[in-house]
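Shared between the two complexes below is chain A, which has chain B as its partner in the first and chain C in the second.
Up next, the complex of A and B:
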């Protein structure tokens, strides 16, 4: 990180946005000098006029927690696991504010209540692991607020949380900054998340701030090509759907390599000769908006850049009526706890009766929050986990019941792309070995033909041939994911199950991978099962979408029907909480529509599984479970209140 | 700062012998000295026929001679040169533990892999058997085995090998379980790899680090055990030169000729100390913790640069 300057005023919210390794967390940590001792920090950091860098440790401790409080990404590792919430909260108050035990206790309960924790007095006696992720993050926020700090630094506070919980935490942060006039410094990789919260935004790239300004101005008229690219490459729920996403080509620069000129030049669409030699400085481009770029972007708009380049034949038009994969009443139960003789063993119903058809050439999107069973469904389809009951028919084969030899023979036709490109590649195998393995296992290539086929696959996924001899740790996240895709393609499958293939990737790389998957689908007539928690990405990729909640499909329809006319309250709520990169829309939202947490899947509620969180729940929902009822035109929803599609047509 | 956990850099490929040796002899000074000492002992053992001044088993009339220029370590009660015996003894002291540990690796590693990868019943059967063996103190287990199969150098090696099987099996079992949970194993399954291939290609290479660390830290104990057995007379028989056996024979002459027991004793002490440090040194080269430390510093530097 070098030459970073920013100012935070009383009661203001500043968001620092950037991709991994851009130095955004380091900027935040340096405020209270929490960086590791190997970091060399120069420049000045002034807090209320005092120089933080010149402070003694004693003075620093006084500021940390008391004046500047931190909220981290992972609340589990920031809370002490062996002490109760109450003890940890009281300790803060007693150390910093010299409160008595009684006072501290009363104040802690008050604080927990203020961050929306139900029955706060009771929660004081629980240990961190007994709380859900969202609740833990609330506790962290309550602790950060306990000493009424002037500044709260929140480092990716919602990244580890589900969308519905993320909306609740964002709303909480917004309320706090409004009520207590606390300044908030928020660090995030996601522009949409900060859109509704931040007054000003600073975009960082490769250790430098490349653009900063008032939120609305930065979103409406970005003046740096990187900001422009970031905004253009996010598939949006509120805009028209495009076939191809704009992507920022290339990858993040190596932070250890020194380069001359603008660090963004190799990926920039507006690059000029000057950019390669002369690093641009921040200059005022519009009122209060600065950007470090030689080009003049005042005439360029995000919508123009995001517009589709070329319209390829859409997958939907080719998706003929033939069903490639048909799943009927699939159940996957995992035994939990200890077996007691003569008693049924308790089971976790990870997938509890899923039925779905996937047409050849189409893409089925499965959306849901963590613990809804979407990953298990995907794995059961490929029989990577054993289904407990149900039928899986893949092109005429009964996948659920065939023997190991038949299964092995079927493997080449159905493949998987994994979420985490770091753990899905064996660290001891080179890229060529990893891609070549399926070919070797199935004797699909002659000895001499193996190498050319590997090179062909590398080219297919847009990787240079020289990477063939590299080991996974020498590749970037995006490159690794391309290797994962090449491995899945090696045997020319007809079905690919992609389990969150982009959620571990940086925003600018995400669009590249999505475009690649779309292109490959067109070129190789692939059928996808695309699993994701991100509704906007699913909309971009899918022809048909299933929404899952606690092991069941609650709503399923073709893409446009589902997004334009969601019938299940859970789908409606999910659509309402997806952050949109538009400050106007985000500010207009006031209440997070789903309260509470996802119930424990081992012990789902009686009746409708969504009844604990549903705003419309009535008596019947607590007694019987709604069937996945047909609403017409292939639209099905498991809700008593769902209205048939046909009726709507007649109205029109 | 990354939003995704930064992957720990992997240990250097094992074929990279030169870099490995450089890493072993750098860092901790005592550890480096230990590595150099062991290298010296290996050299002595290999060159024994060339460098030993006398035949170690040749008896002469010059009995119980004190250390002198002619016999730097003196001679024993049969007039054999002690320096030559210590030099030749290095062969036994290296041979027994290395062969023993190899035996435990060959048996223990597959058991651990099998237990880690297979179903609950097979795994439980193997691991409970290992627990039973671990319940015996190591030396007792070795003595039981030697009592059953009889004395002799080969049997000492086998006994040492068997006594270390459960240690290897346990460590490999744990690492296998961890590796099995990784997505790349699932990916291999999705591709259609057989269980045997998954174990050989995807799991074994990812647990070799732990195997090497365990083997190198077990060497010290194995040397001690081998010497103890030879001292007690279960292993090599005199007049074969061996430090443990010579120590045992020399203890009866301690008041008359201190050098007979002292020089083999010193050699044993130095060897065990050195091999314990070797274990620590190898462990620290491979230890993820030390990589984590390097990585943390590197990330820290990235962020200010």
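Up next, the complex of A and C:
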């Protein structure tokens, strides 16, 4: 962090937004001096007029939790696994408010109830691993609120959660800030998430605040090119779909190698000579809005910047009718628990009867929340996991039933891009080795031709040739994912299954990768199966979209049909909860439309699998499972209430 | 819980079976005729040897001999000592309390030294205290306990005259044997606990505990120690057998009674049934301890405990 200043007023919500390594979490942690002892902190932090940096440990402890409470990102690891929820709830009340065990218990139950935890008294006795992620985050919030602190600091409180749960948690935070006069400092990488909550926003880049101001002003008239770029590179569900996303070129600067001038200059579209030598300071650009930029952006709007550059012929228009991949009644079951003789072994039905066709040159998007079976479907299609039953036909080959030799011969034509470019590259292989490995394994390159082919692949994915001898840890996240894509392309496949290829990447880099994938699809006539939890990205990438829930497809249609006329209540709800980077829309939201958690996939509900969370569920939904019924024009939905497409046409 | 018990017994049973086979075969793995070895030195006549063979059942086929052996074991009959003529079970029963006492005392010493040293190192990794604790651990693992025992005797008994060099006779007589036997284990515990603590202090829930405003000692005792001690308990259990076998040597060094010295005597006197039975006895203890460790694990870690209940 370099010279970060901000103020938080009573009852105010301030959001600090920025990408990984920009210093936003460090800002939050430094407030109560929770940074590791190796951190050197200078400047001043004043809380109610008192100097936090000058406090003794004793004084600090009285502030921590009591006055300034924290909610952290990962609810899975933020609770001690070997202590009950009750013990962890009670200890703060007992330490700070000197409550007796009994009082603390009673108060904890109240608090758990107030954050919407069902049967709170019972939950006091359970251990963290017995609760879902959403429930744990509610516990964390209840804990943070327990001593009625003046300030709650929430560091990426919804990042590890599914969209439907994210909506619930955001609603909870909004309610808390409205009801109590608690100040909220929210740290996030996602502008959309904070749009509805924050009164003010501070955007950080490379350890500095580059822009800050009232939320509506920052969203409507950003005055720093970075803010502008961030807003422009988010594919939006509430706007028209564009073929190419605007992206911020380049990557985040290395915090260890500082150059002179503005840190954003190398990636900036408005860069001037001055920016390279003279770092701009924060200056007032409009009422209460400051930005650190030499350029005048008062006339530039987000919409202008986000407008498509050049409309290339879309893959959809070229997707001919030929089916490349056809999946019929695919099932993948995993045994769970222990086998007991003479009793059927319990199984987890990860994928339970999925049927879908993907046309050559098209993109099938698969969306759903964690545990819906989207990843397993993708892997089963490539036979990276063995399907339990069902048909997988790929260009005339019966992938599900061929022998190992035939499968190996087919492998070059079906490749995968993985979610996490950090762990899917072997740390001991150089970039060239990683990309070259499939070529060597499949004897796909002559001895002398290997190197030129690797360089060709690097160029294809937009990486300079000098990176060939680097190791993965020397690359940025975006570069690694480009290597992952180059590796997948090496054998000239016709099908690529991409499993959340951008979810581990920073927002500004995400658009680059999506654009790259679109361009490669056009150039190499690729067919994609694009798996993501993010409905706006799926809309951007896909020609056809399948929505999965607990191992089944609940709705499938052409992209435009699905997004304009969703028929399944789950699809409708998912579309309704996706946050958009617009404060007006976000503030106007009603309560989160999906209640509760995803049920345990090992034990799905009887009847319709969505009946536990569906706002429209009626008697029949609890007895009978709806078929994936054809609604016309290729639109199918598994809901008794789904209306046929044809009828709608006739109405018009 | 009951089910887990059954499952663990099902695992332990074949191990136990294997042990009895091995112990049984000790007698037959020694080169030469056991009866002849037993009578060595007394210039036996062939008749005497044959008579002993019949007496020992050695004239019967091997599998039958094993079955007979197993049958006797199941009746609690560990055989009769060649030397004293008394039942071996009695001999062991008379001596085991002493060995158990030494083993437990050594484990106690190990925990008493190892846990604080581990905590001191783990709470502030990289500090001088941590380096000191690391040095201690290396010494503890590297220095053999029998040599350390001699040093202890030299310092505390010979030079300072504060503790007896003989391992029996007074309550403080157990101090030096327990210290020399427990010291190696204390080093292992210290190192393990230290590394666990360092790892746990990096967990997000530790930051949460700090952010809650808990004092450093509360953070340590309420949130770090229980998690860090789980692997230590396993090690304690796994090392119990090692300490027990170490007791064999330490007993000899300090002239303490116990199964250790009994085993050494038995070996020297070629009292084969006694050797067999002591080995079998130690093996059984090993298995029982492992069994108990599994349960202790569940007691400490709710994730494991609840998985047991869930699988019921």
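Everything that follows uses one rule, which is that the second predicted complex is superposed on the first by the 652 of 652 C-alpha atoms of A that agree within 3 Å, B and C clash if a C-alpha of one lies under 4 Å from a C-alpha of the other, contacts with A are read in each partner's own complex, and residues count from 1 in each chain.
In this text, a contact is a pair of C-beta atoms (placed from the backbone, for glycine too) under 8 Å apart; a residue touches a chain by one contact, two chains touch by 3 or more.
Everything numeric here is computed off the predicted structure, so don't read it as measured data.
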{"item": "First (chain B), second (chain C), both or neither touched by A:82", "value": "second"}
{"item": "Touching partner for A:412 - first (chain B), second (chain C), both, neither", "value": "first"}
{"item": "First (chain B), second (chain C), both or neither touched by A:130", "value": "second"}
{"item": "Which of chain B and chain C A:74 touches, first, second, both or neither", "value": "second"}
{"item": "Dominant contact partner of chain A by residue count, chain C or chain B", "value": "B"}
{"item": "Touched partner set for A:423, first chain B, second chain C, both or neither", "value": "first"}
{"item": "Touched partner set for A:182, first chain B, second chain C, both or neither", "value": "neither"}
{"item": "Contacts of A:92 with chain B and chain C, given as first, second, both or neither", "value": "second"}
{"item": "Touching partner for A:247 - first (chain B), second (chain C), both, neither", "value": "neither"}
{"item": "Chain B/chain C common contact set on chain A", "value": "73"}
{"item": "Complex interface listing, chain A residues touching chain C", "value": "29, 32, 34, 57, 60-66, 69-70, 72-74, 77-84, 87, 91-92, 95-96, 127, 129-130, 140, 143, 337-338"}
{"item": "Residues on chain A engaged by chain B in the complex (per definition of touch)", "value": "1-2, 20-21, 23-26, 35-36, 38-41, 73, 155-156, 159, 187, 189, 207, 255-256, 379, 382, 384, 407-408, 411-412, 415-416, 418-420, 422-429, 437-438, 441-442, 471, 473, 477, 484, 487, 491, 504, 506"}
{"item": "In the complex with chain A, residue positions of chain B that touch it", "value": "1-5, 7, 9-10, 182-184, 186-194, 197, 201-202, 205-206, 296-297, 300-305"}
{"item": "Footprint of chain A on chain C - complex, ascending", "value": "203-205, 207-216, 218, 222-223, 226-227, 230, 300-303, 306, 311"}
